[in-house]
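Naming follows writing order (A, B, C, D, E and F), and every chain is counted from residue 1.
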């Protein structure tokens, strides 16, 4: 939560406690927070002892789990389906935990995921553009072309929020862009981004043909709570020109490219089949400043609700409960652990 | 010269000799050249012994100088003004040398520089965009912003070909862009790139104010044959936020940013005043594939002329002669070495 | 109703009676109406005596109330929540009254308000642009800037229909535009208007910061049936540069700017805190010609329904009933007068 | 000359005589002309007897040559280089003849050709778009593509006025467009038309590759007074898919496509190598209404000059003299007939 | 179904049988199908004997009806409301038939009609553009105008999918475009296509005025299962200039222009009231290649469902059943034949 | 000269003296100037006694003339052709005077007029937009239209810098725009502003027809040193609808509209023929802040030259000399006073 958002919480009569230095990466000093009345504490122990509602971005780490108790209300990204051990621990603690990724509106939309998808999509195109530079091991191509030089080709698998944002930047940069999606309305929306964007149905053969001609492939098949299918196979990747680039945004769900394996920003890329792969699991981590602004804006209404007495009247929040007083509540999660 | 351009030379009845592997970086294999009739030789010695017109991108290196003789006609980037030793050697050899950067049309335009400026400008924005990622040491900002997050600010010094191309990409990416130039028509052209581009006159105070607010500063003050002035001072840089980025395209001419020092793609950046500096001297080297396409297209007419009997009737070429039969001929060069 | 719409009513077999001169402001002469068969009467008395369905833009004035009787079906803007006396009178008369502003589609949309919001938003930018001229007391700034001169900054509070339309024109004029809204999708829509439009969350501090840097502030917080909150405080306004401009479209609901007070086109502006305020209560009144065209198009289907026998099967109309046979029916109104 | 232009001539004190029905194709009746004071005559005999300055679009036909005499000043498209017989006849008559196509500004621009090139380029894309329909024998492709269907590819040879206009419409229609030209500035201008336009250098191999992938090829290599080179060979055409389309705008100069042969609007197309060819010699003839408006506007200043006493002080006109008092004067023409 | 779609069916374990040559018009040879495992049969007899699910574009012809039996599941465009005889035959056969045009999503959208409307709208503008050429009998106008020549005016009746697509292309071509629709949101969407598009309410007088000024009128009033109303009357058409053009996309539903009568691509136009009429009943037939790509993409999910065991759980398909085991099931059809 | 420009002068070693309060209208306080080292003096007497180079925007007033002496070098707008008395006085004083409006580049361009034309053109559209509001006496039209309401029509006479800028804003606002100009290239440039801009040749009949249909007419016929012709006559104006608006930017040269008479910002409009006229002689005076920024940028290089020793080597300045040591020097001026 950026200081401006904390101030709204304070203005609503709540106390806000922050671990020292927590805002540093996002460009906010402790002074920024202190100045508006946020209480700064030196390390998690004091914080967990003081606060009731625990708001984090990432799931609790080992050192934090020991500090949690049954009176805490935990609100963060959790991804428990892939973390049976963490799930068990949270159950033992007996607290209530709401996951960002399962807060769900009436229409089925997941409002707290959209900003992360926005960012991941844009990061993918930005990173892919420079990985094509020879200095990063790429084939030495200027993505948008030049007078008398050819444009690069970008193939995007999935026209959802992440894929759409990747397409916006790739189109603006002047590349030839092909976006695959099953949904005709999304394909029409992609076309409307510019006359250099073509939307196609993801027949296996069509994907294979386009991937083989691509300079940059962006995987963006994101489905809630399920493993991403391998739309792009190793064989397709092997037919790309050497020095091509693959970015798999869906790596958190196992990746939609067969050759994808998770990486980190410390060591973000590897080559396989002569193609550079970038599959950092937490892509938005590259832009914490922008991410914290975008995320605070969608979080604030829910945090205000959670801090109030009647948060259980807020349907999107109750739909997002993963564990309630130690008991697994979310249907998908129950199924996973059934 | 890409294979397609070589074929035009061959079609005009000329023999074309190429060092093995010379096209590899640009994505062309020896086979591509051999298939159309280019003669491939194993190392420079054989090449210099065979050919009369020597076409290179970079100035001759020590190992090549010993192979040159007075019958060679050398056509490459030379930048002799900064290389008195090289100049002396070429004079001793007694050959004739025409520099890409001094080929000049009637109107004063330098046709062989334009593609390099196109590329450098575009590379600058692409690289700057990703250096702002925290994973590269930047402030963690998404240049074009997001719903509920602020746009980044890009300040470009100089609205010529390089600065203009940097502005095109920065504007397309959605940043707020300020371009400084003395020429009103160029400022009007910058405005026409989009409503997020503002063109201003480079008053010292205006530059200082805008640089201090910038996330990304691109120096693009390129003047033929003169040292770039320090339009951006160390003090201005020191007032930028930590994690900001400076890219100085004019580094080849000494840089228009006081804190600039030349770097290479092996070690492209350094931090000074908390700001990331990128000042690779041969920026287009990141995209040899695109660069060779763009450069071949502007070179071909001149190479065809040089390979013919009457090349001295081609005024842009004769204006570009630096050394003729061992004698310094270019006016600016004569002045430098007077 | 413009003549073309009246002709549709006549074509459907209804008689249409019009007060003489009623179309003059909108550019339609009595002859235009007479030519197609509209009956023109000299003054309201005759009109009210003849007609059953009374269609007006504004709520009935004192002189008209005496002419209304229980058999009339009144269809106009009413805003009864703020007019207890008028409400009482209409109840006494015992008629049925449907307010434009409460006609409501299944989805909650208010179809008869949209054109008025379109217009108010556009008028706000147009008026603000010229109030910035020094000849109108403004700071002497060209909103969209010039080569070598800075762009103006426009801050818009609310990204609904009115705010969105204000943003469209401000973006097209080349200003830097910031739009505040709580809804992320609306912010994304604002960004899509152009790269000079930024959408932000209305944290109090963010609004304060942007207003203090703004040349033109447009208040467009419109919520059905409630008082607009004071999102922009007097203190914020006092930190704007002298000669800045504030336009408050939400003045009808009390204004979302603390320093707003209602004005009229006769005397449209006043200065407070050195800032020009424009808060005409009936902004669309400036463009009756365009407004009557836009309003006729959305009204016609409802008027055709009301003139028919089964209008009570039309749900949006029945939802819009304020008073039925003298009894207050609309839930919000009942609550107000409970 | 459209009536509005004639009126300007009349207003300048000149008499204007017109053959009856001459404006019909362009949508102007004799009455339009008579109403403003143009004298209408019944057939050319009377016209040539009355008028001194003869203004036509096409060169004089046999029936008109007998009516011309040495006092006539002829101003029309002439193309005498290809018409030695006509040239001889005009010399015999002893008149002075200025050709539209040789009127030349200081800068070398040919102002009376530009509108014809504008039109021919636009017609080419419009006709090509529909010839791709299967109902016209084409391959049954929608040029701009659809959601889930591929875009068509248009290859244009030449980025001058004609090629540029063809590219404008093809880009707007949503096709992938490749334009070939030797001139880097023209390639940059083509890119600026849209991100779906790529500009390439016309290496033989590049042209061959792109033509083989094209759905629509437009030849637009126009050079004053010389035969167009065969940039596109029969072999390249033979490698296009069946049902592809070729439009050769340069047919008047012999065509820049080897398989081109002149056609007329009566019988506009033929198939060769499975590809539909359209090479109507007078393409602008399809839109006489637009053409006469555009042509009148560029002609009027010259006609006003010619109708005045000092026309020989107008350099562009004197440069355009082909025959003066029976003597061949234009340098290129003298060379042709030397 | 294009080969890529067939491959998906094969991949799902189904056998696919195709009549030889069926893909030829769309640009797919038998070999394309054979190569992926589609079984090719020589004529319909063998095909109907082998297959259970019969997928066609057009309704069954006489020669096919004799081959159908009660075990077939027929999936094609049917338009039975206008074909009582065909309906009776299908009932007699006792099969189950689902019509493309009645497959309906929860929201009421007809997903299999959208691609056909996309195409018809685009074809209409493309054809209209060239019919305005004098060589096709038109008034000789370049639709988008020229420097010094006026733009053409296009009037489109209906802003649905077909009308909207027609408007997209007409706007891109540079014409002045007026689109009529009752729905305000659609009018706003049309405006957003470009500043040369105006959206108006279809008052009879407004339509009459605009049609009389139009160069090209496109009728696109498409309503499911009802006859299109005559929005444009003969009298309106008679007031257009000679050589104007009318394209009526709604001809399949009787046409929304009074002077419309169905034509075919063999003989596509006729003149009435001096205006060229084009009303080919199967407009998408001009671009089978694009149409089959677009249609395959929307069909595939339903075909996969139909080929599976549980297709009756797919609501859009069951809503689309016209005849089930010989019994008329679709409500609209039952009403028609009641 | 804005403070930033003064600082450049000070940095070049010159002393800068400013009358107190001179920057106030442009938003610069005396403190802004004092802070950087500008000497502030209390009234013109002291200033003229101190300074040698007198830089003003407007020509010297009576009170200033008495302070001028033969050693002054006067640099300002002068417009002496229309001011014989002022000319005589300046001659008597014996000084040297250079007029902004006659400084002329090699190419004939007048660099100091361009910013004023930029501004006047933009002001014209902005003012015209609001004068169309009924509250200002206009016809009550929203210039850019609305869903279901028509767009306004803007007719601009002259496509030079002023007319072009007026067209840019009118096009962006969504109006239908017609620009008249004799020059085909300018018409092509106007078309390129948007598909709602048409460029036509100014035949008298064409102007008459378009003006009669216009809502807003902008006169922008600016020719150096000559009276603007009356392209728009009273009769044309009289055929406009009541409540239309005319803005004549060329009023300084007598106006290109017959009914134009000069007005001031105190009393800017009058009605004639039912049409609102706005013809303020100093239109840029409305935006002194923007104007001083734009003007400073083009002036600075010349002021730096004039403040140096060799200004007579600067050709554009010497071409701009009106009076040199008391003698009329400018050719046009000599002719006027011959």
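A few points about this structure:
The rule is short, and it goes like this: contacts are C-beta pairs under 8 Å (C-beta built on N, C-alpha and C of every residue); 3 or more make two chains touch, one makes a residue touch a chain.
It should be emphasised that the depicted structure is a prediction, and the values quoted were computed from it without experimental measurement.
Of all chains in the assembly, those touching subunit B and also subunit C are A, F.
When the interfaces D-F and A-D are ranked by how many C-beta pairs touch across them, A-D comes first. In this structure subunit C contacts its sequence twin subunit E using mostly different residue numbers, the overlap staying below half. Rounded to whole angstrom units, the spacing between the C-alpha centres of subunit C and subunit F is 38.
In terms of their C-alpha centroids, the spacing between subunit A and subunit F amounts to 54 Å. Residue positions 115, 144-145, 147-148, 150, 172, 174, 184, 187, 200-201, 296-298 of subunit C are each in touch with at least two other chains.
A complete list of chain pairs in contact reads A-B, A-C, A-D, A-E, B-C, B-D, B-F, C-E, C-F, D-E, D-F, E-F.
Residue ranges of subunit C in contact with subunit E, taken from their complex: 3-5, 7-8, 11, 36, 111, 114-115, 296-298, 300-301. By the touch criterion given at the top, residues 144-145, 147-148, 150-151, 171-172, 174-176, 184, 187-188, 191, 194-196, 198-201 of subunit F touch subunit E in their complex. Taken in their complex, subunit D has these residues touching subunit E: 25-27, 115, 118-119, 122-123, 126-127, 129-130, 132-135, 139-150, 169, 172-174, 241, 243, 265, 268, 280, 285-291, 293-294, 296-298. By the touch criterion stated above, subunit B contacts subunit F in their complex at residues 182, 184, 187, 200-201, 203-206.
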